[in-house]
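Down below is the structure, laid out as structure tokens.
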Amino acid sequence: MTTKTPSKLEKILSQGHLAVTSECGPPRGSNPEHIIKKGELIKDHVDAINITDNQTSMTRLCSLAACIRLKLMGLEPVLQMVTRDRNRIALQSDILGAASFEINNILCLSGDHQSFGDCAQGQNVHDIDSIQLIQAVRHMRDEGKFLGGDDLDGKPQMFVGAAANPFADPFEIRVPRLAKKIAAGVEFIQTQCVYNLDKFEEWMKGVRDRGLHEKVYILAGLTPMKSVGMAKYMQKRVPGMDVPDEIIERLKGVEKSKQADEGIKICIESIQRLKECEGVAGFHIMAIEWEEKVPEIVEAAGLYPRPKLN
Amino acid sequence: MRLQYPPNIRIVRVPCSGKVDLIHILHAFEKGADGVCVLGCLEGDCHFNNGNLMARRRVEQAQEILNSIGIGGERAQMYNLSSSEGPRFAQYVTEFTEKIKDLGPNPVKLAKNKAA
Amino acid sequence: MIVADRKPIEEIIGYLKDHKNILVLGCNECVTVCEAGGKKEVGVLASALRMHAKKEGNEVKIDEVTLERQCDREYLDEIRDSIDQYDAVVSLACGVGVQFTAEQYHSTPVYPGVNTCFMGATEKRGLWTERCQGCGQCILATTGSICPVARCAKRLFNGPCGGSTDGKCEINAEVDCAWQLIIDRLEALDRLDEYEKLCPLKDWSTDRAGGPRKVVREDVQQ
């Protein structure tokens, strides 16, 4: 497949390789050291690094600035952009800002509700939703125009992504929702982290039945469990998360000091199984505050070294 | 039955405790009553179905308001008994009178007397 | 209707501390239905305020009047002859009524006695829930008569988001996911194929964002 942007991620996917991406949360302050450190840790093991955008509505250093930092380090960032905090003027503006630093990947999201975060009394914006944001980026990139209709000087060369959650309700609408995002112009998808492999494969079957896997690159999301406590928390307290009891039982069956290793093992096994799932184009490894494990997971899953692009 | 009960009770008869409105309770306190108790039939036995349940709700609303303005919600109470239970009537009103005596005069009345 | 809720009495007492002749002004429409500011509530508030004032040793006169509504001049005119004897009004009408009363009676302070909350319906006595935010461009025809602007916490036009769980919103297990409701209704109406239609960007200029709004009907103006 030909590529439409200079995005390294797009190139790798278009050449038929399984892509590997990961994610970093920016610091809760202006100290960029964290980003630099995390970037250094994983740079040889991933094709692109997502920077989250005030995730769970906790105010952090902005995704755009952190992406610029990564870009200046020679790495490939994915700008996550939520529609919760910015209106269409600011969204277009930030897209242009990112593009001006040759950031070529964007992930369009609605964002967690602000009541989850540190500014529960704040307003939310939601001027447009994530699907309309996908349309907006494609419009700016392909037509070279602002939403208002004027021509813009320098089209943002963005490879457009979005999230998908096969585990949220209602399940029957999750394939049609993916179809909607594709109709809006999305080019790659990163899913919510997968623990329930059966359900994920059921969703993928629905995706394949409609030929959607040929219209978009789907990267399966994975997060290694650090402990049985983390597994229980994610099962009970995180909306849209599906953690089967078998995972919890498996972690329980191992002594506390070995649970983290077991969690990594489960993660690697999942990758091995999903490699066989038709339509899975890669993996998005979200090792939240555990980025040092990413190289180990990538290597054990047989995804190292990362393909070199000419 | 000719049972003894305190002489300072002013009885207002109503066909059902459900006839007592929140405003009646508040007006009584406004006019200087030290305490207001609503006596209704046993729950489940109301002749008019749920009049006594409505009365209980209104007494609770009155308690909340009296608390918020510093008069004291304990001055309003609801009691349930059967109309044939003479001794229980005497017991409740005696109990209530003791309680109100302990609480002292209605602060509204006190202030009015001070001003006079 | 407009749904409002009573303000805490301590707050109202605070507004009135320097006033001696007060009118508690109720409204016979929306706030009566949601039991916040009708004739009954006026009576209760006035009584409570009187008792509090007496307890504090303050000589205060508190009168009670309930108008049909406070958003039409013809009803507010009914107190024109008596307004000057009051040095303050506590209006239990919605925010509209409080303001409109103040506009008619320029030199009398008018304080709000309720918090105006939203446009909603009575689910049952004692429970009122939001349905409309007055965006000015109603899209209910495309969403099975369920409004994503008022009922989706993120006002998504192409929902649901990934936080929808068991038909409930991620913010609170008691809040229905508006998009689940929309999908269920489209299904019941045999119109689920409309789900995949992309909803265009909203024109918010007729919403609050565009500034204070008005509706003009020259054909009915005199």
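Which chain is which? They are A, B and C, in the order written, and residues in each are numbered from 1.
Quick note on the criterion: contacts are C-beta pairs under 8 Å (C-beta built on N, C-alpha and C of every residue); 3 or more make two chains touch, one makes a residue touch a chain.
Quick caveat, the model's predicted, so the values are computed rather than measured.
K.L.:
What chain lies closest to the overall centre, CA atoms only?
P.N.:
Taking the mean of C-alpha atoms per chain, the most central one is C.
K.L.:
Based on CA centres, what chain would you say lies at the far end from subunit C?
P.N.:
So the chain farthest away from subunit C turns out to be A.
K.L.:
Using CA atom averages as chain centres, what separation in Å is found between subunit A and subunit B?
P.N.:
65
K.L.:
Could you tell me the distance, in whole angstrom, between the mean C-alpha positions of subunit A and subunit C?
P.N.:
41
K.L.:
At what distance in angstrom does the C-alpha mean of subunit C lie from that of subunit B?
P.N.:
Result: the chain centres lie 35 Å from each other.
K.L.:
Can you tell me which positions in subunit C touch subunit B when the two form their complex?
P.N.:
8-10, 13, 40, 43-44, 47-48, 50-52, 54-57, 59
K.L.:
Of all residues in subunit A, which touch subunit C in the complex?
P.N.:
Within the complex, subunit A touches subunit C at residues 84, 88, 110-113, 115-116, 124, 126-132, 135, 147, 163-165, 168-170, 173, 176-177, 179-180, 183-184, 192, 239-240.
K.L.:
Taking the touch rule as given, give the residues of subunit C at its contact with subunit A in the complex, in rising order.
P.N.:
My answer: residues 153-167, 170-171, 177, 180, 183, 195-196, 198-202, 204.
K.L.:
Would you tell me which residues of subunit B are touching subunit C in their complex?
P.N.:
22-23, 26-27, 29-30, 65, 68-71, 107-108, 110-112, 114-115
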